[in-house]
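Structures incoming, each one as structure tokens.
In the two complexes that follow, chain A is the common piece, with chain B as its partner first and chain C second.
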Partner chain A sequence: MSNLQTSKGSKEQAGLRYPSNGKTIYHRPLNRTRTSELSQASFAYLFSEMVGYASKRIESIQDLEKRLNTQGHPIGLKLLDLLLHREPTRSQLRPLNIIALLHLIKQQVWTSLFGRAADGLEKSSDPSKPDEYMIIDNEPLVNAYISVPKDMSQLSCAAYVAGIVEGVCDGSAFPARVTAHSVGKQQQGGEDGGAGGADGGKEMWPGRTVFLVKFAPEVMEREGFLGKG
Partner chain B sequence: MGIFALIIINKAGGLIYNRTFSEGLNQLNTNDYLVLAGTFHGVHAITARLNPIKEPPSPPSSGGSPNRAEPASGLEVMETENFRLQCFNTLTGTKFLLFTDTMQSNVDGTMRKIYELYADYVMKNPFYQLEMPVRCDMFERKLNSYIREINSSR
Partner chain C sequence: MSYYFAIVGTQDNPLFEHEFGSSKQGGDGMSRFSEQARHMNQFIVHSSLDIVEEVQWGTGQMYLKCIDKFFNNYVSCFITGGNIKFLLLHQPTTPVSTASSRSSTSIAANPTSPQTEEAIKSFFIEVYENWVKTIMSPFYRVNMEVSSPTFRQRVAAAGRKYL
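So, the complex of A and B:
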């Protein structure tokens, strides 16, 4: 509170600039969100610059993905708090198991970020990797206008969203590593090289992206105990 | 036949994109394309200066923003027996040249849409370097499907 009052009192303070009506983002109520939509074009330009910034002096594509991931991480941490705050008081609980957490990400997180829920949620079919889950987005908003050059074909700029998801997981005490993989493109590349196998679903979504969530061993251990109890 | 070809020229007169959309056209080699782009750029600059009407003296503006006249636009359309060339010069000096059939209708609308695709899929792509040749898969894909739609509807 004291911060708000000082900011009103001394407007000529250097550094932060205040709108003429004196209302900064901190004066807005945390709860009202329905109408706060942003222009996709402005976001596209901003994100384009973020990718440009992150690709300065990088040594490898993994390096670039790591940087985008790092840019997204704090957003996830903060977004988790904000979304839980916006829940009705009775259901203001942080997710307690993996399924609840992933469901929260698929529904609330995705809706608040992109205006719609994610397109799919899957558990890894490989029995040797029970700690891997997949969140699927058919056309990620961040990649809407991005064409990745051929020499960086394994790059997915959705690594930024992966960073956000990782932030949400870390914030709710489910440490995880999240990576983004564009599967639509790989499929296309494979088709170009080999026999033209027509896979309708993959053809329809060239930008289909899978967010691979790999939880830390301690999370799986805890999940095991919870399951027994 | 509809739309034949699209050429994009950057503000320095360099060719940054060229593509043909229908079969059985005379082909140019890359060098000829570059020469064509450079020549057109020069001709366009000349036509922009060829204005027979004397410009009215600008009234002294009283405060506020100065009243600037719209600059002369230069060559916009060139029609021949076999094709029609429409040129669209953006505010930043990028030129879009669209070669169409002489009977093609609503070329302005098509041009606007192509500019929109360019603004979306080229300018918002972090891997595109300004003034350099356009190599963006998404732009290519969207443009092809848009032009194919127009060409097949006739």
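So, the complex of A and C:
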């Protein structure tokens, strides 16, 4: 740790190159792009490339979903601090319990990513799985222009969004596994993720997707401990 | 007053450290730590991480105020949403005694007064803004050491401005 500071002085300028106008990332204001929006066409184009890239040399669908998840994860970590920074000082609070965290994801994260809040938030109705929560999106933006081939029917490209959600959870010290499941077209019972309450509105929303958030045991332990205190 | 500022990552790993002195009340901005104290500083700051972990679940605030004291060293903490800790160790030049602190209201003489708390809060908020900019870089991954000279300049400037 002590040589962390001393080594800087000697070689700090050596390998660094500045842009010609002398502006670095530190000169850019954080709030300028707060309300600006991105063209959906360009996003769809980029996202299809990302899916194409991730689907090279994969062994299984899980493998592909894992890769998409990994691409989304750092975005969640970064987004968490950016959104907290943009909050007014009074409500600049770190989430302390699962409900506050999921509410932050449903409202702030979804609004900043997709321009609207998520459509639902549910707790698993199965009493043996108190650590599972579901975030429901009726029409995920990422799946808008993705048609899944028949032989890959279990694939949901919303795994990318699941990765972002996982990043937000991990960043705020609620380690979790997040997976995306399409429930729109599937028959009842075909969903193994315990999506008990997610069966309404299947006809109306063929692209309905459930993000299953499964928190790590230590989170549940802490939650019980904090709840008592 | 001398300050030692450290950013600690999620694995309790140091990401950035900076040492400076008070610029208020005619201070020259230079720290007055002895060579021996420099090693102690890292030790003290590191040991206060246990207290951070206790305090952080009690409040949702990011600024946790002064959380630890070790003889004449005071440690203030700010915790980001991503669980990165900003720790500032401040050491008044003369040990605080009840008699002298009443006469002086300067930041340097009262490490736990509301004015000092506010000044440190403003410092942390400015550093936090720059920290968010750092992590916005697509090449930055969590728990990477921050080596940007611009970031160091910004931290030093915030220190000059508020402390």
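Here, the second predicted complex is superposed on the first by the 183 of 229 C-alpha atoms of A that agree within 3 Å, B and C clash if a C-alpha of one lies under 4 Å from a C-alpha of the other, contacts with A are read in each partner's own complex, and residues count from 1 in each chain.
Simple rule for what comes next: a contact is a pair of C-beta atoms (placed from the backbone, for glycine too) under 8 Å apart; a residue touches a chain by one contact, two chains touch by 3 or more.
Quick caveat: nothing in here was measured; it's all calculated off a predicted structure.
Trainee: Looking at the overlay, what does A:Leu212 touch: chain B (first), chain C (second), both, or neither?
Mentor: Neither: A:Leu212 stays clear of chain B and chain C.
Trainee: For A:Ala176, decide between first (touching chain B), second (touching chain C), both and neither.
Mentor: Touch partners of A:Ala176: none, neither chain B nor chain C.
Trainee: For A:Ser55, using the defined touch cut-off, is the partner it touches chain B, chain C, both, or neither? Pick first, second, both or neither.
Mentor: first
Trainee: Which partner, chain B or chain C, is in contact with more residues of chain A?
Mentor: It is C that touches the greater number of chain A residues.
Trainee: For A:Ala159, is the partner it touches chain B (first), chain C (second), both, or none of the two (neither)?
Mentor: Touch status of A:Ala159: no partner.
Trainee: So, does A:Gln92 touch the first partner chain B, the second partner chain C, both, or neither?
Mentor: The answer is second: A:Gln92 touches chain C but not chain B.
Trainee: Applying the document's definition of touch, where does A:Ile146 land relative to chain B and chain C: first, second, both, or neither?
Mentor: first
Trainee: Using the touch definition from the top, list the residues of chain C that touch chain A in their complex.
Mentor: Per the stated touch rule, the residues are 10, 14, 16-19, 38-39, 42, 56-57, 59-62, 79-83, 125, 128-137, 141-142, 145, 147-152, 154.
Trainee: Residues of chain A touching chain C in their complex?
Mentor: 1-2, 4-5, 8, 12-13, 16, 24-26, 28, 30, 74, 77-78, 80-85, 89, 92-96, 100, 171-173, 222, 226
Trainee: Within their complex, state which residues of chain B touch chain A.
Mentor: Contact set of chain B toward chain A: 120-121, 124-127, 135-139, 141.
Trainee: Provide the residue numbers of chain A that touch chain B in the complex, in ascending order.
Mentor: Per the stated touch rule, the residues are 41, 44-45, 47-52, 55, 145-149, 152, 157, 206.
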